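A short worksheet on the structure shown next.
Chain nomenclature is as follows: A, B, C and D, assigned in order of appearance, with residue numbering initiated at 1 for each chain independently.
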Amino acid sequence: MTVLVDRDTKVVVQGITGHQGTVHTRQMQRFGTRVVAGVTPGKAGTQVEGVPVYDAVADAVRATGANTSCIFVPAPFARDALFEAVDAGIRLAVVVTEHIPFHDMLSMYHYALARGTRIIGPNCPGIGAPGVAKVGIIPNVVFRPGPVGVISRSGTLTYEIVSGISEKGLGETTCIGLGGDPVVGTSFVDALPLFEADPDTKLIVLVGEIGGTAEEDAADYIRAYVHKPVVAYIAGASAPPGKRMGHAGAIVLRGRGTAESKQSALRAAGVSVARFPYEIPELVADRLRAASHR
Amino acid sequence: MTVLVDRDTKVVVQGITGHQGTVHTRQMQRFGTRVVAGVTPGKAGTQVEGVPVYDAVADAVRATGANTSCIFVPAPFARDALFEAVDAGIRLAVVVTEHIPFHDMLSMYHYALARGTRIIGPNCPGIGAPGVAKVGIIPNVVFRPGPVGVISRSGTLTYEIVSGISEKGLGETTCIGLGGDPVVGTSFVDALPLFEADPDTKLIVLVGEIGGTAEEDAADYIRAYVHKPVVAYIAGASAPPGKRMGHAGAIVLRGRGTAESKQSALRAAGVSVARFPYEIPELVADRLRAASHR
Amino acid sequence: MVKLAEWRGKEIYRRYGIPLPRGTVVRSPDEAAEAVRTKTVPLPCVAKAQVLAGGRGKGGAVRFATTADELRSTVADLLALEFKGEKVREVLVEERLSIEQEFYVAITLDRSRRLPVLIASRQGGVEIESVEESAIDRQWVHPFTGLSGYHRRQVARTLGLDGAPARALAGILDGLWRAFVAEDAELVEINPLARVGESLVALDAKVIIEDDATFRHPQYAAIPDDRTPLEEVAREKGIAFVQLDGNIGVIANGAGLTMATLDVLKEYGGAPGVFLDLGGTDDPKKVTEAFLLMAEARPAAVFLNIFGGVTRCDTVAEGLVAALASVPSDRRFPLVARIRGNNEAEGIALLRQAGIASIPDLREAGRAVVAAASGGRR
Amino acid sequence: MVKLAEWRGKEIYRRYGIPLPRGTVVRSPDEAAEAVRTKTVPLPCVAKAQVLAGGRGKGGAVRFATTADELRSTVADLLALEFKGEKVREVLVEERLSIEQEFYVAITLDRSRRLPVLIASRQGGVEIESVEESAIDRQWVHPFTGLSGYHRRQVARTLGLDGAPARALAGILDGLWRAFVAEDAELVEINPLARVGESLVALDAKVIIEDDATFRHPQYAAIPDDRTPLEEVAREKGIAFVQLDGNIGVIANGAGLTMATLDVLKEYGGAPGVFLDLGGTDDPKKVTEAFLLMAEARPAAVFLNIFGGVTRCDTVAEGLVAALASVPSDRRFPLVARIRGNNEAEGIALLRQAGIASIPDLREAGRAVVAAASGGRR
């Protein structure tokens, strides 16, 4: 099984006529995703990569039964786009858009939560389940079907790591890029139970970063509720405190959110912690081997 | 069994030091309700009817394990009081306060909904389950344990009707006074499944009024999901259109919300509709007799 | 329910940036002429009697004028009018615009969904009730997220607008939403919303403010409504009091019980003339006040039907006895009482002392009142 | 993260009704003397250097003056100061108040709970990090319901206030909340919030505005921050560029990959000097700009580590080749490349044509960069 997406996933792309919207619609299609609709106000009746475009998400849902949205609209309009998706009955919204103010994201998160819609992102690469569906922008080439569930706060680092897992011949059930912003729709703690419950996922890879306490929260959760082996890597051990490292989230402030605190919390929860990305595939192979011998 | 309240119901009275708060705390106690705490800012450390008073609901919950709130605070402060109760983890809030602006109630309803707290009211008599607990202001004398579940939009009319049912020797599992305001936390449609699911409730009495479409919505729900017999009365058949009859809710406007439309919708759903309150006990007895013979 | 006259609604709309015709409200023909002289109102213009009842256009309460003199006499005519029972105290005088299209937009509450609903139709200028369902677009707006871009775009599509008029529409809808929330409105309606070239203008304004929110908006509490003078007095005393067409006065506590009492009286051939809901009170003075108010309405008979909850039976009895003592002889009425619930025995005893029996059966009590009223009909 | 100087933060607080000491910001001793003359600033007063670094009190950047002449020379001293690397351009001059108690209040974001958190302590005037947990009160505020009465009452209890000071506190907390939301702040802090008789006064102001929200608040985009000049240029070009202490430049795409690259370099004994995150781009010009910016930082060697996703490998190669052609000869640097992902083959081919090999293994590539940097250390 896969997590969050399956063969019934029908995607509407909000902002499909923009450059990224169009490029990634094509990539999602090549992956095998059922991209059933696009939305760009004022462009109803046109097509992008063979996908019909609608003025409104509600129209797209009515016409195509779309249940999942991939949002590419620019930051100033992202909140509106998400509200529209929720009100149209979309159950899963992958928000690729970056630079959304966290105050907007607070409203987006709590509204979606209240209405039962799950958000992945913002500022995220999205979800990929090899052989099933991809919603977002993770490069198609990195995937290979297999027993590993990947949860990551990073973008390209995820590609690098998933790619390494695939090249090692292991492969993934599903990979979720959560996004690195201060407020995310789905956190490690929200994503872990999905993989814990998925029978095909035999091991979970967790890719974290400095900043915040999401990894510490994850360690608490793993200790209490996760029985599958977990391998983790935390980027930014060498980053100096007080400097914001690219992501709005990635900053060590006032001694909080250091790589050390995250690594030691994870280790204490029984997680194998890689010091560098290239150590991950080996650790995964080891833990899978050990688990299968039990 | 009872509905919404049970032997674990522990009540905190918000606004306990006000006149109504104090009077009804005593009445609830006499009914057998576990009133464990009261809240009035600035009055911490005092007692009302032997009940300890706290400054904040969170303090009361921490100290006493209160899980249910009965709110008597004046309308301008009711929204704040409800938010406080929700944030303190209260699961059921009975809002007795009348004259709360519906814009406030919209926020209260949607916030409570999002956070998993049920509201009864506002402007409502509350809940009474004879022999178990009462939260609100329904006179103790009207009750008698029995197989009838009562759901009502009215106040005193409910007392009249419940009293009639009790005097007939029938009695109630639980009686819920929903309140007659335009926006209520729990509607007929929300309350019906509770009684449908309660094994001790053999018949449901629904007391409606002119105005709105809550009774028509209830008829739709009953037709689809309620298998127990239902007896209903709609007050206001003789009220002229365009006149607001006391309640903010009770008004026939533009031909909507007439007694006729409600009565015929309910009849079409298999409900026995009383023309006058005094017909209810007889109809209840008939339907109960018929049901027991099946 | 505080219904605002058009000009007051427009004052609100102006504060929220909704475009309106140029004009002003006047209370005399001289003021109207002065408005023309100062170019506050351009000619030709329209003069609209400020009454709350609908159907002003067909009823002759909206008229046109092309000169200052004509306007002066038109305003004089309108101020002399009594429209569906309402006296005309103000006339709104506005420029006459060249209208290309008339739309309908409004926001009100959907009780079933517990959400505000934004209603739009391309068919404006007529009562929305007369527009077929398929021509009405409804969108629900969540109080926590408010009016969003997609709501605005949907209304633009419904009305068939794009470009500058669609942008103007977006601003109007935002203003309407902000007014709905900030003014605690039950209804904000623009009908018609007129297209004039590339602009949109609110030709009419219907705003209803919620009674219960007047603690936040004391300015609305003082606004005259379509209440009778006695209803107005009752309102000031915090008593729900509605005048109907019949001759029997009903005093009960709680809206539901009061309505049920009316239903019973009607069944026995009685005609309720006053609906008086005591509400929940345990102040005998309030009961006395209610009775004296009832006496002012000169009922043929009065039915007191109380179920004591918050209100105690003995309180009511006490208040009633005090009232009966001070009702002037020409205002006396036959009384049938039925008091039940909390402190029932004490209440009944008090009444008995004053020579009043309480009839416990609702049917019997109803019949007794109807009989008393028809015997004593004036 | 736009950190505002105290005086700018106070300008915001003033707009939200938060009480402040009387005073003004000055940029010269003359302006300070003028402020005393016009009684804008009463004497005795305090002069505070407007720098973003903390520890001003102990560091001599806050001084007192009792006469206009003394203030003039104090301001002159402060304007000559360089405080923890920051030049002092403004001095805030304010009345000196007689303080009875110092509190701490702030609102910021709790990422884990995804809720704003209202923080209060009776121990103000010191860094909140140094206050023990038990003396700090935290309350979470839901964005849909906002700051409510019970939050305000709880803070009043924490600070031990009632009566007039508690009412003043309520107003301050409301202002702080409204500022937090309406200004898209990451942090609004008052430390200390001083009790002066029956009033409360915000003696300091720390406001951080969110970068991503500057589209709503363009006024904040132009405010100088504690960036280096090159970081400032990069910011204008929309490139994430951070200067560190080492001599190796890292160009990667994505914050995670860039940080991971730094981690690897450090493991092999390298010292990263510039962190440059290309982000997602498929514009070769942006890549060229990034390389030229990197050249300005004069790195001993540069590591280009790209995983092509949104960014395509060939785009990066194209931009890189163009950049190398235009880097001045005194700015050239050894380059190690590793490009993978979308259009990898095309990218590698383009690089090969320009004489650059791509090393696919991250360890090997890292070692190569460190070697190149130590060989070419200036």
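One rule holds in what follows: a residue touches a chain if its C-beta (ideal position, glycine included) is under 8 Å from a C-beta of that chain, and two chains touch if they have at least 3 such contacts.
On a predicted model such as this, the values are computed, not experimentally measured, just so you know.
Novice: Report the chain whose mean Cα position is at the greatest distance from that of chain B.
Specialist: Greatest centre separation from chain B goes to chain D.
Novice: Between B-C and A-C, which chain pair is linked by more C-beta pairs in contact?
Specialist: Between the two chain pairs, B-C has more contacting C-beta pairs.
Novice: Distance between chain C and chain D based on Cα centroids, please, to the nearest Å.
Specialist: So the centre of chain C lies 56 Å away from the centre of chain D.
Novice: Can you compute the centre-to-centre distance for chain A and chain D, using the mean CA position of each chain? Integer Å is fine.
Specialist: Taking the average C-alpha coordinate of chain A and of chain D, the gap between them is 28 Å.
Novice: Using CA atom averages as chain centres, what separation in Å is found between chain A and chain C?
Specialist: 53
Novice: Using the touch definition from the top, which residues of chain C touch two or more other chains?
Specialist: Only 142, 144 qualify.
Novice: Residue numbers in chain B touching 2 or more other chains?
Specialist: 107, 110, 114
Novice: Which residues of chain B touch chain D once you look at their complex with the stated criterion?
Specialist: Chain B reaches chain D through residues 41-42, 55-58, 77, 79-80, 83-84, 87, 107, 110-111, 114.
Novice: Could you list, by residue number, the parts of chain A that touch chain B in their complex?
Specialist: 110, 113-114
Novice: What residues on chain D touch chain B, complex-wise?
Specialist: Contact set of chain D toward chain B: 140, 142, 144-145, 148-150, 153-154, 157, 162.
Novice: Give the list of chain D residues in touch with chain A in this complex.
Specialist: My answer: residues 1, 109, 111-112, 114-116, 129, 142-144, 181, 184, 186, 210-213, 215-216, 240, 242, 244-245, 252-260, 262-267, 272, 275, 277, 279-280, 306-311, 340-342, 361-363.
Novice: For a test of understanding, state which residues of chain B touch chain C in their complex under the given definition.
Specialist: It comes out as residues 20, 75-76, 98-103, 106-107, 109-110, 125, 137-139, 141-142, 152-160, 163, 180, 182-183, 187, 207, 209-210, 212-214, 217, 233, 235-240, 243-251, 254-255, 275-278.
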